[in-house]
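In the two assemblies presented below, subunit A is common to both, partnered first by subunit B and then by subunit C.
Let's look at the complex of A and B:
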């Protein structure tokens, strides 16, 4: 698959800080992948995705070394409009990204910026409202919605621009369980139906791992791990030390491994974990 | 009962507006013109009774537009305060004129006819202007206001800044409410505070509110960048929201009538001195 994002030896330090937020980071992301990004607080997750979006260095002040290439183009050579066509970005706080007075205007705003005509904007609003379940809310003010609805509007406004990459920076961190579910369901639908490259920063590793093709662990401004979920969870102890909560199925399989009862691959699927447990029980019964 | 009213009215950043109103069939430009003209006409009329009739006409427009009149209660303090300040100013600082006639006394001070008349004229104009402003914000969403301005070819950047300003005013009040709630949660009793302590407290709000405002402006700047907006590229762009509004024959007719009405009033005022104070019934009564 084509490499669409290439980060080469990137180091970024915000002004007035003692150490770099990202240090000598190199990373390649292929097309149509769902990438999960996790790590402890202040590890550099948001900085990493801000570099991919181009918010850094365009909108922040600091020291920038190395390069980020989007579809082969250096991010420093792309303007806001070009970047918006390539990459969409959803912030943790939905209210922080609203710039309009109604949901419909909010959805239209980004499309107007990238130069679409009114007819196409109308078609895309209907399409994106259908995907995100916002049909009945188009006329409302985005500030009068529930937390989950607000985040759906934020995702829809980015999705409507049909960028090739969508970055979601902790989109569920301010939501209740129902709101979290609705966002993960939309992400699953985006992955299944839209074939976009999705990069999601998230603390809820359980749901993230099940959706991700690959997971990135960011720690102290470096990429500590970048692998498929099966390989990513091989060393559970280190993740627990960093304060991350691996999925329950992974913790269970890790305990089985430590007890010498299992030495197969790790899986995030609950169904597969049950099958593994059943086969271990069957083996034990047979030995008896 | 309250629930039923809430369903009929909805909240905007600036006021409560009816969910459904016959006025919504008019283009936002017609509604803006109605506001400008109903606000301007009283400025040319120096007959308080005519201006009070005009205020009643605006109140009838409230009823026609299905605005719940109970929602006007919140503006009563402003309307009453404006009246008190206007009359007190003219009564206690009447100025000097040999033609003034004493019509009574209050707290030992003489009451003159002309300053009372002037107070009535000024207040009737203020009242009509206040009511027409309240009427405009009670029948237009922020989106309608911006659509009207963009239809009139206001540059996108200017209308957008106006929209963000309206939004930030609402958010500033929300932040203030949050800060006050946090203080109350930590045991601060406003009722027990002296006036001077309350003033000190309000000055202390400036720091958290200012830092919150700065953070929000930073967030909005990032949000605009993320959505591909930059001042350089803001020249030619589609304006999707304007496609939602269309000028009808009723709009054209109403705009023509409104403009004609304004011109007729101006013409008769300056050509034949109609609407001058000396034609006023109140003036005759005071004399």
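Let's look at the complex of A and C:
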């Protein structure tokens, strides 16, 4: 698959800080991947995705070394319209993104700003409303919706611009489990059906681990780990030391491995872990 | 243990007629650590706000420390009984100095300058807010510390019960554990009754001793944490999933692992005993 994001030896330091927020970061992201980004607060996760979106260096003051390339082009050479075409950004607090008094107007806002015609805008509104389940809410005020619905509006308004990459920065931190599931389901659909690249920053690892093709662990401004979930969770002890809370099924599988009861690959599936544990118990029972 | 809160056949309806709470009956005893759970819209925050008189029942009653919250001019007494910490500390903090923020409520209930100073010092110390921070602007502090400032501003009134709405939202795992350990300390060492509202079932399993599950304005389950989490089918009605370690334990129940396991450590201990039996 094509490499669409290339970060080469990137170091970024905000003005008035005494150490870089990102230090000597290099990584590549291929098209149509679901990338999960995790790490403790203040580790550099939001800074990293802001560099991919081009918010850094375009909208922040600081010292920038190295380069970020989007679809082969240096991000410093891209203007706002080109950046919007390539990458959309969804914030943790959807209200921070709202500008309109109805969901329909909210969805149209970005498209009007890039000069799309009214027929095209109407078509795309129907399209994103269908994908994100907002058809019956188009005439409501976005401020009157539930947390999950608000976040769906924020995603839909970005999706309507049809970017190739969507970055979501802690999109489910304010949602209940049903709201979280709905956002993860929409992101999975955007990847599978629209072949988009999804980059999602999250604190809680359970859903993220199960949907991501690869996970990035950011720690103290550096990429501490970047791997497929099976390899990412190979050293659970180290992840715990770094302040992460791996899902209980992964901790349990790691304990089985450490005890020599299982030597297969790591899995993020709870069902598979249960099957593995059940077969160990059944084997032990048969021996007795 | 004495009852600190008594709720009897309590209903609450918003002005548009939406009945958010439909007949709540319960008592809360001094020193309990309770988690209030349920999906959004189940009535959790509405219920919590009836406990400190922010909302008045439309039927039935709520008594805190024996005071009926529906009575007039009781708010100054009620704030000494029940404190409510908002989900987002930024919705609660408004002063330009941490010291003023903590002093605000004691000042409002008419305490003397001397008493206010004593309360500020005490609340800051209990909440782990260093002297240096007292002169700072709360909005320049990291979120974990802002959360502590909002709790300290409630502690300054020395309420018997502290309700914390979503204490771990937006915090990483270490910060979440830190804030929960702090609430545990308030509960165990200072005797405060703690009520948390949360969607984080791992946090509930680790810290709460009693769980109240709300579903469509009614209590679906109310009991010991282990007892509540051992009923996944009932919890599913409220769209609540048991913690993952509990789910694995329940799937291994036929091999002798109990259904009420609450943590990874407990699961591993029970698994080891089960296979070595």
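One rule holds in what follows: the second predicted complex is superposed on the first by the 282 of 288 C-alpha atoms of A that agree within 3 Å, B and C clash if a C-alpha of one lies under 4 Å from a C-alpha of the other, contacts with A are read in each partner's own complex, and residues count from 1 in each chain.
In this section, a contact is a pair of C-beta atoms (placed from the backbone, for glycine too) under 8 Å apart; a residue touches a chain by one contact, two chains touch by 3 or more.
Note that the structure is predicted; figures quoted are calculated from it, not measured.
In the superposition on chain A, A:105 contacts subunit B only, with no contact to subunit C. Legend: residue contacts after superposition of the two complexes on their common chain; A:241 is shown touching neither subunit B nor subunit C. Of the two partner chains, subunit C is the only one that A:281 touches; subunit B does not reach it. In the superposition on chain A, A:249 contacts subunit C only, with no contact to subunit B. Residue contacts after overlaying the shared chain place A:92 against subunit C, while subunit B stays out of touching range. Using the contact criterion defined above for the overlaid structures, shared-chain residue A:53 touches subunit B, although it does not reach subunit C.
Common to the subunit B and subunit C interfaces on subunit A is no residue. Residues 39-41, 142-143, 169-175, 199, 202, 239-241, 243-245, 247-248, 251-252, 255, 263-264, 267-268, 271-272, 274-275 of subunit C are the ones touching subunit A in the complex.
Those residues of subunit B that touch subunit A in the shared complex are 11-13, 141-143, 146, 160, 163-164, 166-167, 170, 216, 219-230, 232-233, 237-241, 243.
If you check the complex, the residues on subunit A that touch subunit B are 53, 55, 58-59, 79-81, 83-85, 88-89, 91, 93, 96-102, 104-105, 108-118, 121-122, 141, 143-144, 157-158, 161. Contact residues of subunit A toward subunit C in the complex are 39-42, 92, 146-148, 170, 173-179, 203, 206, 243-245, 247-249, 251-252, 255, 259, 261, 270, 273-274, 277-278, 280-282, 284-285.
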